[in-house]
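Handing you this structure, nothing more for now.
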Amino acid sequence: MDKLTKTTGIALLKKLREIRQFEERIIPLYPTDVMVTPVHLHIGQEAVPVGVCAHLTAADTIFFGHRTHGPALAKGMDMNKLMAELYGRTTGCSRSYGGSMHVVDPANGMLGSSAIVGGSIALGVGSALAAKLSGQDRIAVSYFGDGAMDSGVFWESINFAALKQVPVLFVCENNLLSNTMTQAEHLFAKPTAVVQNFMPAFSADGTDVQSVYSVVGEAIAHIRTKRQPAFVECRTKRWMKHQGVDRDDLTYNKVDPKQDDPIWKLEQGLLENSMITEAEIKQITKDIELRIDAAIEFAQNSPFPNAEDLVREV
Amino acid sequence: MPWSRIEQSHSAADSGRIISYKDAIREAIDQAMIHDPRVFVIGLDADDKFGAFGTLLDMTHPERIIGTPISENAMTGVALGAAVSGMRPLYVHLRVDFMLLTMDQIVNYVAKWRYMTQGQVKVPIVIRAVIGRGWGCGAQHSQTLSSFFTHIPGLKVVMPSTPYDAKGLLLAAIKDDYPVISIEHRWLYKNTGGVPQELYTVPLGKGRILKSGNSLTVVATSAAVIDTLNGCEKHNLDVEVIDPRTLKPLDEGMILESVAKTGRLLVVDYDYPSCGFAAEVCAMVAEKGFASLKAPVQRYTFPESSMPASGILERAYYPNPDKIAARIKEMLAEQPVLSRA
Amino acid sequence: MPWSRIEQSHSAADSGRIISYKDAIREAIDQAMIHDPRVFVIGLDADDKFGAFGTLLDMTHPERIIGTPISENAMTGVALGAAVSGMRPLYVHLRVDFMLLTMDQIVNYVAKWRYMTQGQVKVPIVIRAVIGRGWGCGAQHSQTLSSFFTHIPGLKVVMPSTPYDAKGLLLAAIKDDYPVISIEHRWLYKNTGGVPQELYTVPLGKGRILKSGNSLTVVATSAAVIDTLNGCEKHNLDVEVIDPRTLKPLDEGMILESVAKTGRLLVVDYDYPSCGFAAEVCAMVAEKGFASLKAPVQRYTFPESSMPASGILERAYYPNPDKIAARIKEMLAEQPVLSRA
Amino acid sequence: MDKLTKTTGIALLKKLREIRQFEERIIPLYPTDVMVTPVHLHIGQEAVPVGVCAHLTAADTIFFGHRTHGPALAKGMDMNKLMAELYGRTTGCSRSYGGSMHVVDPANGMLGSSAIVGGSIALGVGSALAAKLSGQDRIAVSYFGDGAMDSGVFWESINFAALKQVPVLFVCENNLLSNTMTQAEHLFAKPTAVVQNFMPAFSADGTDVQSVYSVVGEAIAHIRTKRQPAFVECRTKRWMKHQGVDRDDLTYNKVDPKQDDPIWKLEQGLLENSMITEAEIKQITKDIELRIDAAIEFAQNSPFPNAEDLVREV
């Protein structure tokens, strides 16, 4: 706990737990078909979005892909809006036109997400270019998985960001999996070894929110002061199947229930350093649970869209 | 050439063997790979345990199934490079939407290579793509895009609607020395039908009349064929249903002959309307079959909109048998335009 | 919003100031960048000494002209990312063929972003692309592709044919909060015409009748408009020539009204035929204007082939005023279909 | 001359001179409009295609882009066929349907070239995959400029080649220019620094055919024996404008008439080592000149295509 204050530690824990508990509630609900949209769960990987977004203001923009829940909640999306989107209701963040993979919340710097792997990396660069051209001091984040690094748009994006020196943070949430392919099967080179030829490239332990928080802090300080791009790779573990609500059963993706659990790690650290008590953790857990109850109720009671509104904002 | 002895059989089999559309595709690929060592499969997740929705499971030659990174654009170039070097690649995309990443390779390279080299280099490449909505996937995972490929000289485009055609058209495509795009609607995968065991081809460029009728011609593609047939059966409609099977080259003669009989045309195509395949068929008939037309041609397509995610909207977006039947009834209720000012 | 005060002026200017198509574009861009600091230009070679065929030379704000590497796909995403972050990017491609590399970003992203976010995020992005054959460049440097963009819900498509429209449509596109694709034929660049000095917009979605006539309606796009007008003048033809200017949204009313008067339709579109814009217009008229048609609709397009390199073949491939006039005469010589069996 | 035998040295010189003289003859002809097709000249860069192709058999395949004349002649294309293609005649290598940027000669392993920068890199990888799948012992070459390295397809291609270990040689003919952009303006990273994370990456002096010949020899030995990919960057100088027949006038692309001339360098070396005489050089030059005369005559006397044959082999 040498890097975290008590306030920060507890704030991070609340976000980690918000994402975890939100998704754990999805697990039993999903098979009942109340959510007719694919879900890509973040369970186990929460340290990455939480550690990154802790350094961002609402004005900083972030662009991510299909695995939306983690970064969306970490960046400040209201749980109600996200839950209602999954429920296909007009109170959802995209009025239910987008579904689980297309979340949006302009007030919190989320200007849309994409289900086509790779492309949104370029959007972050463009958003950073906009900041540069218009003299804003915000930054932009391109947030993606290791699979997205296979794509040509990744290469083109880091090159352009480096050439034009725009204030963008590239975050690779590296769960070492692209669907069922291991990283060795889909990407030959080490991410940082390549990217360091374009910009400062950092590595963090993506199962440990302290590590992500401190490494990303360093990277973002570089971006904010130098107005130059930076890259952070966060190695983490996917606990669930690529899609849906089942635990993964891949023999090559064994999960250690403690060492791979950012929540266990942070709670241990906070407890050992007497920054939190078991009772406080219980209370945090319970408060979040109540908020999720409310979000589910909100979603359930929200209206479905009208079929007549099909062609709208085309 | 191992393929020259494979006979074309045009009529559906009386073999009595009933298998699914998915298994028909699987069998075609397996047999093609056994039959010709130049045939190989490439695609993202082609080699995973799901085997491209089951169409690549338990292959006799798994060593010729090549999985790829998320690099659709270069992978199309890889397939082309292998094809011009004497192989016969079969590229598979689990969603047609990913093919948008490959348009440079498909349009600038694959489609033009034979023309630019004036036939000195053959391009025996087949690209399969799965289409169709499902489970609130939203706008980026639900497109059809068949008109893109149909627009480009140098590409052939097939959209099989039955298990028999799925096997026969895929084998014809693999056998062909020109690039062929094959588009498969996921809703058809579980449908069953008679499929001969042996290798056979369904000729590219030949349509099929799936139902005879006199009052109106419906030209439908892919899943729309099945929906139209179901709609007609349920609502007892006397219409002729044509499945062109190949969007390009198009069996214009079959369509024109039918319209000459019925005087009316409806095209049902699950795709965006503007500049779509439905527009092409309507324009072709208004050009070449104008004198037979007794009433305005019509298109039944997606609305002018992307696909929404929410279930209610998704269902409103997609045509279905009842909606198609309703549209046909409306058309039949209209007075023919018999003479002009 | 600096743009709300810019007035729409629909009729060609009587300003008397004659400038070239190229200069009209240059002026529009320069004025837009002066008028609105959010407007910037991005593109390969946009910042070089040739200035995108002269359309970007001597700009007042060169600091907002961003050159790029050969990375068309990501650059389109960069433009989109800037657009959703409050800028108004104008992306320029020196050849439309390079846009095939960007189809994922254009179709999956740019076109759908507003719909997927239900208007919470605006997408004020303009993509210009130059088309047209020249000097034996061959199949990969000569395409049109306008039907690709016209096919996709969420995109607007303009093809200005005159200097006046070039300026006014480009400004309308930059002002618009939806993505607009603007396609410019290189042969038009030197053409001159009246262009007002001030900022003005030509409304998106409104066609223009460039020549009135009674015997036949020609709908033509881009350079085909000029060729058609020249052909009609030279051969003294009494036809009505409509330039839709915007391919999408299409001014269907103007076309239908004209066909109601003439009873005949020819669409001249320098693009591949199948599923092209010509097919769309023919289908639309056969659907909605069927009762007015006295004869088959016709399309005049490229042949069903890629563009060859050799000069003789290149010329054979391209329509021109005489060939268009000949086609019109043939159509006029045909007997009308007045009644049906 | 420590690396070249006399035979090899003279063979290389003949190829260098063939390309140079072929293009120098184009210069005065081009403004007369007998060649209605864009030309991208290789003058000054000849050492790269010549040094590479000297190691290739006819069965080895090569895929290149818009700058075709150098690799086409180096790989063995008949001058007559290339000249006739430029003249738009049916005796051209593509029957005049392809033009300058689309040359083809299957018997010499040239299966087509492309004017869209980048894409043909992937074709070489596919051709190498074909060799691997069908058990052929030939190799394939992806031949491209530095500008092509900007493109996503480059990244995707090197990754796939490394993952699948296919026998492909990537050659970057690095003239440090992409049209009028310098390399610093278009590509941020050093090519070999990036590529060495995927495969052995070599550097050669692309103004010196000895250097290219020996470095590529090493790379190809690796590919042929290990059946693995390799990369060679050859730094060279473009003497002419990107396109057309004018000398370049870029202030940042100053050409040294000796140090940047592969022909001068090789001839000096051969002369100094008494491997050739001035008279022999003259004779070589003259022989080539006669062959070019014949090629021009062949082209001029060849038929133009028929307009009726427009739609052919679509």
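Which chain is which? They are A, B, C and D, in the order written, and residues in each are numbered from 1.
Everything that follows uses one rule, which is that a residue touches a chain if its C-beta (ideal position, glycine included) is under 8 Å from a C-beta of that chain, and two chains touch if they have at least 3 such contacts.
What you are looking at is a predicted structure, and each value in this text was computed from that prediction instead of being measured.
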_Mutual neighbours - chains that touch chain A and chain C alike_ = B, D
*Starting at chain A, how many touch steps does it take at minimum to reach chain D?*
1
_From the mean C-alpha coordinate of chain B to that of chain C, what's the distance rounded to whole Å?_
30
_What's the distance between the Cα centroids of chain A and chain B, rounded to whole Å?_
38
*Which residues does chain A have that touch at least 2 chains other than itself?*
94, 97-98, 102, 114, 116, 150-153, 156, 159, 163, 185-187, 312, 314
*What residues in chain C touch two or more of the other chains?*
69, 71, 73-74, 97, 100-101, 104, 108, 115-116, 138-140, 153-154, 304-306, 308
*Which word fits how the chains touch one another: line, ring, star, complete or other?*
complete
*chain A contact footprint on chain D (complex, rising order)*: 150-156, 159, 162-163, 185-190, 193-194, 197-198
_chain C residues touching chain D - in the complex, by the definition given at the top_ = 45, 48-50, 67, 69-71, 73-74, 97-98, 100-101, 135-141, 303-306, 308-313, 315-317
_Under the definition above, what is the set of chain C residues touching chain A in their complex?_
37-38, 40, 64, 66, 68-69, 71, 73-87, 89, 104-105, 108-109, 113-121, 153-154
*Interfacial residue positions of chain D with respect to chain B in the complex*: 61, 63, 94-95, 97-98, 102, 104, 106, 111-112, 114, 116, 119-131, 133-134, 140, 152-153, 156-157, 159-160, 163-164, 312-314
_Give the list of chain D residues in touch with chain C in this complex._
36-38, 88-89, 94, 96-102, 114-118, 147-148, 150-152, 178-181, 185-187, 304-307, 309-312, 314
